[in-house]
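Every chain is named by a letter (A, B, C and D) in the order it is written, and numbering of its residues begins at 1.
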């Protein structure tokens, strides 16, 4: 008999679609021990729901997400709504005994994030798991980077530089909840720096301890949220780190990029070439040293790839979500994910760094992160 | 009421899986006027069929592909088998009144290809359509290239250089029907040069008329097929063209690449960076001339992209197949595909070029393509 | 009759050699209205001087640089010594009525820089000119960037990100005056951030007004100077700017790079590909937008190039120095340089930014640059 | 006492200037055991000669190149004239007992080349040396490639693909001896394919034995020479090789590029990024395999670099000539050059390949190179 787990999805826009696709494709490509069962989808706009449910294979739909709490067919709730709803929905579902996978950032506000981490800690004691969709961890090139760092390819890390640059946020951009402070919490900062901080912490394997300085700027004046936030920080081990998130950086569409320099070597990744990881091996014979451009598409060798296509047949954006769905299913089946999955506690630490950066920008002073509760 | 078209798939290996995924994803992402209905899958290995059918949503399965001919639920037959079966299966299905979409190359032998083209011509008079899965035409960057050439971005084309380099075919490669002359017809030539010739003809919009010279070589001696074939040719309009297909080119995994130089500008594409098209505009102010690296991911602007993700969220290998499935459904609904779909007649012209190259290699002489029947 | 100007060079190491070459090649390649006459070279190490002088065509040599002050044959003194000597030598020569071209950074300490700017202002009233060897301004790709910004290719600039990364400063690096606080003033900061700040100010055409935060770090503990300094700042017009200088960034050899994002477009340059400027034109038709890789080697079109080789025949590191020598000779002949030449006053403004960054790093607070005298 | 060798240069245009610069810079940067003494320059245009001689440091000049034959101060004659003069001038100088360094291609016609090789063989018996300015061998990245092949980095070579693409030869190009059949012999073929064939033979270390096919085309009809020649060939060891030379390839300025694929790895080089060599090491751990981009600028590690600048300070076009001048001086002093220098015999073998390609294009048939005398 096939084991399945009932999944409820809240949200049907960009992220709702990306997650729905992930729950479908994971069964087809990963043959998981426990398969996902697309049980129910919830969203405010009832008119669009029937078509969405049919398209993505959900058995049922509802315009009232609260109904999910008591639904005995649902074991995992996938929260893919705007940031201001994450806390209310996630906490309600955890209290109802569901596992919760929440879209990033954990929350729009630090207070929300703190409440979510607390609820997750409580639920964990009752065996409930939480996950956050920092999907980029599961791009094969990033997962390979994580593995190489663990294997010692860099030695002690000295520098991290991370940028997440987009360009859709100019003066002509249409209305979006992403520009509303009440709903999004912040602009590029929560949206993009959240990814960067998660990626930096994930790859380095240390916590950031100090924000040296920051700048938050809104070029499009009418807007309630920042267009860009830059900050400098240090890791516990002394590595310097720079972060830049912007929605007004012409020439960059979804340029989520990170570089790590260590005493023995360096690594870099940029999402717009998501199938590539670049490695500099400072221990190679000097005459042959250089950046090696690894096309991370070799089945049996590179993470996740054996579930997809033959060598050189590259993957796209949504594959990170499918890979994450596979790891969530593994975790729920008591198995180990390919690379660590972030839970609410982990995402709360990322949120603390974001909060520290904002404080630093607003006060014009360095901020010690351990001072932030 | 929803209109659907019943699809039968023959084959369940690499291509079977790629096509099955396409028939599923096309409904989810394209909302086609006529949706695909995965009716039945046929393959020799009966043991694997039930799982395959369930996984990919096929209602039924059979280990005898001939049953499909009389199946009233099937309107389109998708042939995803080794090359030696294309002719028999396609011709049988055309004669049974089905539309046929056949994997490339059209056939393993020129005789088979000729028979298929004849059968398609006959079936066409009865309203039956044929398609060949030259999926790379529908990579958005390639479709954009086609459009730019049509708009005159290059002016008269003077040079085409095309390469399809892989490296899996060294002495240690495992057994595969792709190495057997009886089943594959040829090695790198039919497998890879077929794509190159299709792409070159598609983009330039002219026929090749002359093969100047060619070399066919098998480095791994035990093998029945070529490891590489290179040839030089000319287009009707005078442009020179070079083609190189190899399975033993270290450093290349799936390097399907083409460059066109015209009197006004140039274009180039390489599949390992499949989301990128490079354009050189020789009419721009001289001080600013250079290769522009276009990330072909802008919804509403670039072909196919609006069905997928926001800007900068790149696509992968299988999206070309889904895009082709969408165009096949459009064609069957009497609509125009995004870019031209190759039918058997068109693929036969490609096959004639391949045949001419082989003759040239074997005879050590130039070959006029119109001499080949 | 040929007009020449007598040049005295102080220094015979890396920079002495680069400058000596520049004074020789400028005559051969630029046919300047006023030619350089390599009159005398001064340095401490008398043993090496005769060979140096003969090799580079200097008529005379001296181990006492002070002799130059009274030398009637010398009109221009070129100071290519370690940072701690810049002030003493430059001021003495200005007071002796010579023009002075000083290697960057202007000085090792802010006090020295202030004194030099004052001396230059005084000398200027007597018609004496000063120059600083920020040679990268005269790499053709950078000079083209300057021109494109002036022509409005970017519109209002919103972001600048600048990095100068090297990797020679690890624990095994040999002794050098560049590691001594007394001689160099600082480490990567004065050496590399000086270039970045000059380049950013030059290209944007505005002053930096605020340092938001900074970090200064020495990984190799025995060392008297920093291994890296990062800082965030804002331009007068509101653009954010990030700077990172490091000598311990594995994988980077001389990676002097800058990117500007504006409302209409973007530009980027990286020295390791010094013949290339990348331009993103946000006003181009959307379907064709992308980074254009301009090979800045077209005579008659790109700055400086017509003095060198035919199109596509790339230049190297020393050409920036030769180009600067040509512009210095132009300036001394009362002509306009190809792009603006930095004098001591200009370089002092760069030094103020460096000083502000150090203060910010040490105090953990934002620093308003107008507060620094 | 310093040893010098008297050099006579014939020619004062593009190549004359490049060679003159090389003879000057080699003394400054290489401190050769035997220094070059720029003795005399000869050219037809007497008006330009005095300025040229003064600029480049030649002691004397003459408008009659034949005078050099009897000049006792001249030991080495450097022929930098159009192709039709190479044979007459070189042979006269060899017969007069001079060493001769001739610009490439060896000659405009095969008959001339044969005569030159014969004269060189005769002169060699009297201790006279010949050299051909295939300067690209001495670009550090190319010299490193040669060394890596020798060390076995590629194993058995299976494919070579070489292109030399330029774009200055469109219909609007001005008059040049390079377009005249009488003076140049051929167009892109002799000019550019000569470099490619030399580079391929040099790197592989084998002779080409068979031309499989070729195409020669002139797009600009009025012209007496080809605009492009493409051909396919095989090396003695079985490697396939493709060559393409064009002057009408928009988007390419001086794109002299070669790639070698071997059983163990691959190498590639493209002159427009002349400081870079890319290496694919197929023996590295699979997960880390990829193209390594080596910046060939490390003194003490990479060929020629220690004579120039610190790491990461890139070189330009003319450095290949200076490096060749250094090796010529080494050879004349009885020392070993950094990498092998081509003499007339060696260049004659290259010319035979070019001749074979032309025959193949004209006859539409494969050509065995040993059949060409």
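In this section, a contact is a pair of C-beta atoms (placed from the backbone, for glycine too) under 8 Å apart; a residue touches a chain by one contact, two chains touch by 3 or more.
Source: prediction; values computed, not measured.
K.L.:
Determine the set of chains touching chain A that also touch chain D.
P.N.:
In this structure, the chains that contact chain D and also chain A are B, C.
K.L.:
By mean C-alpha coordinates, which chain is most distant from chain C?
P.N.:
The chain farthest from chain C, judged by C-alpha centres, is B.
K.L.:
Return the chain pair with more inter-chain C-beta contacts, choosing between B-D and B-C.
P.N.:
B-D
K.L.:
Between chain B and chain D, what is the gap in Å from one C-alpha centre to the other?
P.N.:
Their C-alpha centroids are separated by 42 Å.
K.L.:
Hey, how far is the Cα centre of chain A from the one of chain B, in Å?
P.N.:
Chain centroid spacing, chain A to chain B, equals 36 Å.
K.L.:
Roughly how far is chain B from chain C, centre to centre by C-alpha average, rounded to an integer in Å?
P.N.:
54
K.L.:
I need the residues of chain B touching at least two other chains; which ones are they?
P.N.:
252, 291, 295, 298
K.L.:
Which bits of chain B are touching chain C when the two form their complex?
P.N.:
So the residues of chain B in touch with chain C come to 144, 148, 279, 281, 286-295, 298, 301-302.
K.L.:
Under the definition above, what is the set of chain B residues touching chain A in their complex?
P.N.:
Interface residues on chain B, with respect to chain A: 14, 18, 21, 24, 27-28, 31, 55-56, 166, 168, 252-255, 271-275, 295, 297-298, 309-319.
K.L.:
Once bound in the complex, which stretches of chain A touch chain C?
P.N.:
158-159, 161, 163, 165, 167, 170, 211-215, 217, 219, 228, 230-232, 234, 238, 240, 242, 244, 246, 248-252, 261-266, 268, 280, 282, 291, 360-361, 364-366
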